[in-house]
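Got a structure here, written out as structure tokens. Questions coming.
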């Protein structure tokens, strides 16, 4: 039985023993910048998976890996217990965002419920900000749910100018800021400027640099390029196959019925 | 935790002490006539915000202002305590209407629940009636959920002729009349005739004039033009950016998945 | 407060005192054949309205009549108390069918709940069967949820041949047969063959003739033509206006947002 | 009253007395390979229908057979009590899969609930894997929710190579593997490679051959060709009619409303 929003704790907060962790979200989105950075953190730091989230709002399918083993699509939260130089972290990564409008709200409610159980002190959501052209020197623009965070972010090189992003912030990265504002949790979004045309490791590096200095994280950046190339290859391959599958599935749907 | 329909009272009805207020709705719609008038009333009169309404039926995103601070989309209800010359008012304004069909019904249920808590005596919903061409002398057409209101509205220059609007009244402005009819609350819709092509301060002025004389409101009209120009500029800017964001987001959705 | 499915009894079954009535459904559909016949019966017979059904699954709008008074879209059930020559009737008519797939099921559940409260003996659903070309001599094809009904229907000239309608019966007319089968209530669908291009009084007359002889109803057919012409005119007018409204509403939706 | 997910047990598990049956799913899908095999098993083996599943997530319509009798669309589960040479079986067949994304999850939850009531030992889901070109010698590719099953499947000739199906497995065949993994039930998907252009009895035979040897089933394959031809004819006929009906229904929807 899979609940509409199905939160499964692999470890209870008290077992994990994080101290007012910083919550970092990096789900799929524009240029996959946020996902690239968050996946990188999960892999580079000594993290442990603490929560799995399944949902009826993810696509009704499973993924198959190269060995032929399936994976149920989900989002996952990893815990990082710091050695004292940085804050503890909770990192939200995953395969999908909601494919329905209302599902976004229910999933973000769930993320915040988990965050509160772990007594998070602050939330950073990561994303890309697409400008439709290639960019030589990517930088990071920000948005926050508390004006007081803005000055601090500026001091780490995050740009706040010209009312960007004017169109708002769509999906989990945006709603996490909005709903946590109503819950009294400080949250900011870091968006790496990117063309929006491809998985962008340069933009991801810009975002990672801000995070590193802000949170005093000891994380290399060498693997970002490799990770981005793999991601790009995987996406191309899967996109092609998925399109083929979907077309056949859809043409079948026209004749779904027979006795 | 954000409820599907999340009504947050900032002040309780007894604190506010309105006496059988008139409820005025002006949400986004055709020519933004209704929103222009209602926003104007909230700004020109000495109003106080009493209710915030959030919902899973609004778009899954947040807005970002020029400073970089986000705002969770919502609808808001403001109270106006009259000095005795006019009735007290409750004014519903907001960023969005529901983006799903069923959400319209649930949100209007919520508006009427609030209205009943404040013992409203009457409801006016404001909107535009687009005719697809420019119009020199805008006028106001009406519709009511009680035939007795029609004569009164006619005496204030509201037109009821040729079965307009034949296509019915869509969204909150319509459903507020329909559901309040079932609840036994008198309600009418005032629609400023407009081209439908732009934010129309002339049409808004026509609607405002009817409201002013009907409710004996002491409100200037000078700011309507300025407000409309700002709204127009903002809409153009945001529309452009939103389109860009949505396109990237959508093209990303095609490749939402990867391991 | 309007429930998702909101059944409002204007009279209780025991007040109305029908004896195992026959339930007839005629909602909007192909060629509006079913609606034309059912509306005709409600008007020609001495009927009284006993139930109103409102729903979040109808379009989020109200209709406006020529005087400017609004009507909340609904479905209505009328009772006909026979003088003894025919069975008593319950007639379901209305403005809309569900605009969502799932809503069809919930609404038909509601219709059958009402039917059971009135102890209906049998259900006839009325519709059109479009063949895409004009037809000189319309006839009636049938489908039933109990094979035993088929012979009886054939004896009244209803055709059952060539596996028509092969594509199944969509919407309330179909689901009423399916769900009442599971409830153990006999039900059949009478479909007037029609071009499908217009409101078709000839096809409606063919359906009405079957009903009249089967149920021994004393109903004239003279008004069918006039009713069809009015319906046609109304539809043309409303369609035009509705399209205009919808277009403006939709173009507005693109710029739904502004601060 | 039809529940959203309406599971109707015609026989209780204890009456049927199956011993840790193997659950086989074959619903409509690519090339109708899965449905063809599962329908074949239901017909060739001495099976008895034990469960009917109705749902608001199936299309809102009924089917009409050649005699004029309607059928409410559903999925059905048949039980096969083995003579001891093979395991007992539960076979899921049906008219449709969910037409909404979320419905897939709720239906698969229901299938697994039934499977657990019958104490199933293992699940095989059957489908097609379309490659977009004709294939002379169809073979079967596999995916499993437990790596241990993969070696066993390989020993029966099932192929696991090149990361196929890269696009994942969509619908019930996929989610059954995913959700049963979370429930601790072993499950694998057998996909007959097929063009995807037509009902493919050759591909179905390849899948059936794997099942036969794996489960030691005594089932002929002669009828597969005939069954496929009938299915193909039926689909063509119904598709044509359904399209005609849908077009008329849709054009009617534009003018759904009138007073």
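Worth pointing out:
Which chain is which? They are A, B, C and D, in the order written, and residues in each are numbered from 1.
Definition applied: a contact is a pair of C-beta atoms (placed from the backbone, for glycine too) under 8 Å apart; a residue touches a chain by one contact, two chains touch by 3 or more.
Treat the numbers as computed from the prediction; the structure is a model and nothing was measured.
Residue numbering at the chain A/chain B interface overlaps only partly, since under half of the positions present are found in both copies.
When chain B is laid over chain C using CA atoms, the rotation angle comes to 90 degrees (nearest 5). One finds 35 Å separating the Cα centroids of chain A and chain B.
Between the CA-based centres of chain A and chain C the separation comes to 50 Å, rounded to the whole angstrom.
Annotation for chain C: residues 59, 63, 65, 71, 73, 99, 168, 238, 242-243, 257 touch two or more other chains.
Here the chains touching each other pair up as A-B, A-D, B-C, C-D.
Residues 1-2, 4, 54, 56-57, 59-73, 99-100, 237-238, 240-246, 248-249, 251-259 of chain C touch chain B in their complex. Contact residues of chain C toward chain D in the complex are 28-32, 59, 63, 65, 71, 73, 95-99, 101-102, 104-106, 108-109, 112-113, 130, 132, 142-147, 150, 160, 162-171, 174-175, 177-179, 181-183, 189, 196, 231, 234-235, 238-239, 242-243.
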